[in-house]
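Letters A, B, C, D, E and F mark the chains in the order given here, with residues in each chain numbered from 1 onward.
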Amino acid sequence: MGNVSLIDQLKGQKIHDLLEQGKRVDGRSFDEPRQLTIETGVIPKAEGSARVHLGDTEVVTGIKVQPDKPFPDLGDKGIFICTAEILPLAHPDAEPGPPGEDVIELARVVDRGIRESGMVDLAQLVLEKDKTVLGIFADSSIIDHAGNLFDACSYATTAALLSTKIPKWEMQDDVPVKVEGQESDAPITTIPVSITMGRIGEHIIVDPNADEWSCLDARITITTNSDGNICALQKGGKDGFTLEQLVKCGETSVTVGAKIRETLKEIKGASQ
Amino acid sequence: MILGGRDTDLVLLDENGIRCDGRKIDETRKIMIKAGVLKNADGSAYIEFGDNKIIVGVFGPRDVHPKHLANTDTGILRCRYHMSPFSVEERKKPAPSRREIEISKVIKEALKPAVMLEQFPRTVVDIFIEVLQADGGSRCAALAAASVALADAGIPMRDMVSACAAGKVVDTIVLDINNEEDQAGQADMPVGYMPNMEKITLIQLDGVLTPEEYKKCVETAIGGCKLVYEIQKKALTDKYFSNGGNN
Amino acid sequence: MGNVSLIDQLKGQKIHDLLEQGKRVDGRSFDEPRQLTIETGVIPKAEGSARVHLGDTEVVTGIKVQPDKPFPDLGDKGIFICTAEILPLAHPDAEPGPPGEDVIELARVVDRGIRESGMVDLAQLVLEKDKTVLGIFADSSIIDHAGNLFDACSYATTAALLSTKIPKWEMQDDVPVKVEGQESDAPITTIPVSITMGRIGEHIIVDPNADEWSCLDARITITTNSDGNICALQKGGKDGFTLEQLVKCGETSVTVGAKIRETLKEIKGASQ
Amino acid sequence: MILGGRDTDLVLLDENGIRCDGRKIDETRKIMIKAGVLKNADGSAYIEFGDNKIIVGVFGPRDVHPKHLANTDTGILRCRYHMSPFSVEERKKPAPSRREIEISKVIKEALKPAVMLEQFPRTVVDIFIEVLQADGGSRCAALAAASVALADAGIPMRDMVSACAAGKVVDTIVLDINNEEDQAGQADMPVGYMPNMEKITLIQLDGVLTPEEYKKCVETAIGGCKLVYEIQKKALTDKYFSNGGNN
Amino acid sequence: MGNVSLIDQLKGQKIHDLLEQGKRVDGRSFDEPRQLTIETGVIPKAEGSARVHLGDTEVVTGIKVQPDKPFPDLGDKGIFICTAEILPLAHPDAEPGPPGEDVIELARVVDRGIRESGMVDLAQLVLEKDKTVLGIFADSSIIDHAGNLFDACSYATTAALLSTKIPKWEMQDDVPVKVEGQESDAPITTIPVSITMGRIGEHIIVDPNADEWSCLDARITITTNSDGNICALQKGGKDGFTLEQLVKCGETSVTVGAKIRETLKEIKGASQ
Amino acid sequence: MILGGRDTDLVLLDENGIRCDGRKIDETRKIMIKAGVLKNADGSAYIEFGDNKIIVGVFGPRDVHPKHLANTDTGILRCRYHMSPFSVEERKKPAPSRREIEISKVIKEALKPAVMLEQFPRTVVDIFIEVLQADGGSRCAALAAASVALADAGIPMRDMVSACAAGKVVDTIVLDINNEEDQAGQADMPVGYMPNMEKITLIQLDGVLTPEEYKKCVETAIGGCKLVYEIQKKALTDKYFSNGGNN
């Protein structure tokens, strides 16, 4: 910690120099995300699942749906919970154990983007008001960590939700019982897309890769919904943004997000 | 005409542009900051921001424990945002929640650009924030108080970090969302801002905004930060240059 | 740890020398507590609260009242639980995290003094016998640590209880429901007062301050009730007491406690 | 005439001054102590005190781990008081309760004045107490056994620490409160005592006493400690000077 | 850790040399366990208990029986749970705190041997199907650790179960209530016996003592039931076994186990 | 004729010796292993074994943290077997269960005889196993994949460790128990085996076997291990000697 190696310094210098020339280290344009591939149904025993490659970053998200007690004062809503774990096999520095602040922020940012977009209509997940609702647990296991986990986990979670089949549960004698063989799509209302941008010096780049990630001055994740509106946002990193930069990031999140959304829509179609 | 929020029939904004607590759309709640309120801390501040009551203590620069966390190139900043069990409607368990851990992190990152940590290699500055009573906008209130406590501790800073939220209520962008507006409104955007360097160092958003509303919301929040900045400066002036500044 | 600094040694020597002359380092007499100020109602959202300064020691205690399951075999009693946290802002040596043995002892001594005095009539907090009772949670946040947290937390907790308004709860469909706008005073039967005394050499001093606290040979906290009887006691520290010293401490706890109780009674009056 | 306690209609004290378990007011329960009962510990003792069954093992003086806890001026004492899951009516979870942590601390502080720790700087003496079956007065029983285990380990001591409780039942001060008397009685006062140095090193109280009763209660407990002291000495004598002393 | 002392090396060499001559360090034959003594009823307040010496290894196991919710999908079975703790007084290297992997394995091996033998007929422990069953908690406290905790804990747990009296519980108003003064033997169907064998070089020895334990190449614990069949098995240690060795171990577990079972049967008789 | 298991009326074995999933008694489920599937790990493998889907990453030999765990005489091996929350029917909590801790240990001990740790004193080899989807026999599948991942990492090994379970269903010894057979069958015996050194390095058993069945069950499992060994070798050959071996 703290003592940056000479190699890292040289790598950082190279990234800076290229940006000054309008280039990125892997040849992308500034507003171009890495290649995104999405497979759904990769964990057949889960109610929904997806495996996402975003460049060399790889994530598997599984969705479990099961009855639970509602949160107090939210008795007319189902439960939606996102978690994330950077598996220790994903990176030499990742360690097993309870999540640190980085991973907690990651999971909460993914959660917030989906929750605030209203993607899942939680009101449709109530079995008995105030007593029993369905909980949707979206757990992301990061398998290869090569920068920008925010978007990789967001896309994997969104894709997994789009592919989710919700089993039918009925209350019998105050106990929820699963009705075998009946299931329905998750109640989806919109498709949120997060776009994470990094600032290096005065340059804003979309979807930083592992090398770029390590020399960011600041980053921002902006989630938009299918209407092209902004529904969640999180700034991070050791420095700030100007107002102009923030406005520009907002615009980028809408335009780049729209392209990613097309990819996600294909899944939705495929699963129906 | 009744303009309701998404969850209740509370009138969040009436026909005269007056909000549920009597404020105008560009008005903050009552804010009071006092610097130097603790005996043992190197620096401290107490803030009342609406019904938020938050106390902040700063220690450092001091030795890092455990030692392997020390950085030979620069000082490090640590931050704990913590809520007393009695600070919220339903008693909070003492263990840090995921929400508290996230807020600790975003406040730390909001303050980092302002603190000249490079002047104190191998040391740590610890910021301890205790929310004694919570209301809407507690992270902004905590950030504003933490910035004053850092200054009170004599830590060299490039700029103060001010903080204020803006949000959307009944399709209107308003300054400084309170608890009811947060629950029943449409969007909440806390912002941390360095007023002299004109940099946004904290920004989050919950809720839906069009791109135009988004821009207006950031601008509105920055306006609020500038108001808070004056109160921050006054708190330090009161302590260091007024006669009544003892405690 | 373990290696006492030269300054601390000199300070300790000074304290000893003064005690030999019948004096304390801050000018108090041996049986004189530091100045006590109490404000109640400082946390309006809590059901009761108090902020106490005992010299430079400062504590805020908040009371939350909420329905809970009774303890097994105590189905006809409400619940009363005290906790304490030395906030890390209270002292350079205080660390965040789960409570250590010192803080656990602190909370249990505060709890015991109040519980054994019978201050709160827990039998009046039952909503449905064996199933649902009210729990009173008295949580103390220590804000400045300058010695003798025992008495500061005890006074803050007692004062907060005296100022507590208990909301009305009713059982509806086996679920406790809060009746808005109705509340009553907590069922108070007596006012317990703890007095903590320290022994340095052969001298017994009341309410040791931070410097005195660091050179105590032994300490004792004795709680008396409104009848002037002793209802709880806890010895601590690295050495012991003679029988004579203990008897003397008992007497002191009664006489000094009576004065503190007058201060507490004013609160009670004020809140009614 | 029936004299009841506060919680039950159990006859705690009959008209002849006989208690619910047949004892007189100044009589202890049956006490048995055996020294040197463990193979691997440096010192050990087993006590049966009423229905308490407690085993204590001592290790040390030995190196401190983690090292930063070591004190260059003196040895340190650590103590764990722990209850086996099956030791109480309702199965106890294995994690240490707040009660166990507090008792560990008061027993440690009760023993510290007796142990010549200054002779062993940089080291630790560890005392591990396991309650196999719990009854009223388990902390006194544990303290008495721990003191014997320390002596059995050959740790230099200024004095033995004895222990016994007294309490109040039907407005009468009685020696060595049992479980029923603790539940239904009026007060319980565990005391730890160095019999030769005449110092009280542990004292706690739950329950209401007048100042006069308080004095009498301490004196009664000290009387009990002196009885326990004889049994402690016998345990060590039996091990070291009797023929039948091989465990 | 890691650096074996010279004494230990010499001890290990001695053990090897003796084995080559067909001898063990304490004079036992290869298939001879250490002396086993069992007392039951040592914790009268528990529903069952036993104290076992296996050579210098000593264990106390207590049985608590109390109502609990059944596991999901096992609503027609009572609960049976084994735990173990190496008390810190049992060995200089034992540390207080949550169990490490060794102790977790120990408890699971003891549990598995008893569970898979079907020793306790859990179907007889149901108070109300799917809602309330009796749980049997068998907790072993290791008091002196001198090798082979597996068998010592197994015998103590089995003996404690054989001595267990199960109180009568009845459902009243959906709440289990204990009927005082009525109790019955635990529903025992068979007596499982574990035999732990160690391999040192090519030699297989039964019930290794502390010195032998520290130089094992591999170990295996095989549990047999009253029919002389094998019902559970666990291999451990840093090396493996050949097929022939495993088959031989199986035979030894049957023959040696039969002798141990005779000792256990005496308890059963004694408790009735 | 219906041959039921102990818990259900599922037909585990029909009159033609065909099992509930269509296999013969000496047939394994479908097995696929791929080596080198991760970018950041030093070695890795992915296995599908029936419905098990397991990924393994290996790091090392590398420095040990915390340092006091390092051994100056030999390298050490660490292993974490972990299940993703979505890998099982009812969502698994993230904290490691006692079952996972035990399996981590037996897999570590099954691999240790094969790894030439003595060549790397003071270092550690870390094996991280993630079960993405669990089915019967997941520890054998994990062990087989871990062995391939170690080889892929270039760690010197004396032998591969193969793994396969056998068990008893309707009084018949069968190879490679699946989930239904595990639940409703009579015995399950996972085995780890070094095929060239002919050593069994993992063996466990749940369920009742006569001594004769026991022997046959071990032999049957060893037969399965030999089949798995061929698939392990093929995975490594595919990666290192085939044209299509990129990723």
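The rule we apply is simple: a residue touches a chain if its C-beta (ideal position, glycine included) is under 8 Å from a C-beta of that chain, and two chains touch if they have at least 3 such contacts.
Quick caveat, the model's predicted, so the values are computed rather than measured.
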Distance in touch steps, counted as few as possible, from subunit C out to subunit F: 3
Those chains which touch subunit C and also touch subunit A: B
Chain whose average C-alpha position is farthest from subunit A's own: D
Reference subunit E; chain at largest CA-centroid distance: B
Comparison of D-E and E-F by number of C-beta pairs in contact, larger one: E-F
Approximate Å spacing (C-alpha centroids) for the pair subunit B, subunit C: 32
Rounded Å distance between subunit B and subunit E, as computed from the means of their C-alpha atoms: 58
Centroid distance [mean C-alpha coordinates] between subunit D and subunit C, Å: 27
Subunit A residues counted as touching two or more neighbouring chains: none
For subunit F, residues that touch 2 or more chains besides their own: 90
Ring of chains, enumerated from subunit C in the sense that reaches subunit D first: C, D, E, F, A, B
For the subunit E and subunit F complex, residues of the former touching the latter: 1-4, 72, 101-102, 104-105, 107-108, 112, 116-118, 220, 225, 228-243, 246-247, 250-251, 254
Subunit D contact footprint on subunit E (complex, rising order): 42-46, 49, 56, 58, 60-64, 66, 83, 85, 87-92, 96, 98, 137, 139, 141, 143-146
Touching residues on subunit B, where the partner in the complex is subunit C: 38-41, 44, 51, 53, 55-57, 59, 62, 80, 82, 84-91, 94-95, 126, 128, 130, 132-134
Residues of subunit D defined as touching subunit C within the complex: 68-74, 76, 90, 98-99, 101-102, 104-106, 109-110, 112-113, 189, 194, 198-211, 214-215, 218-219, 222
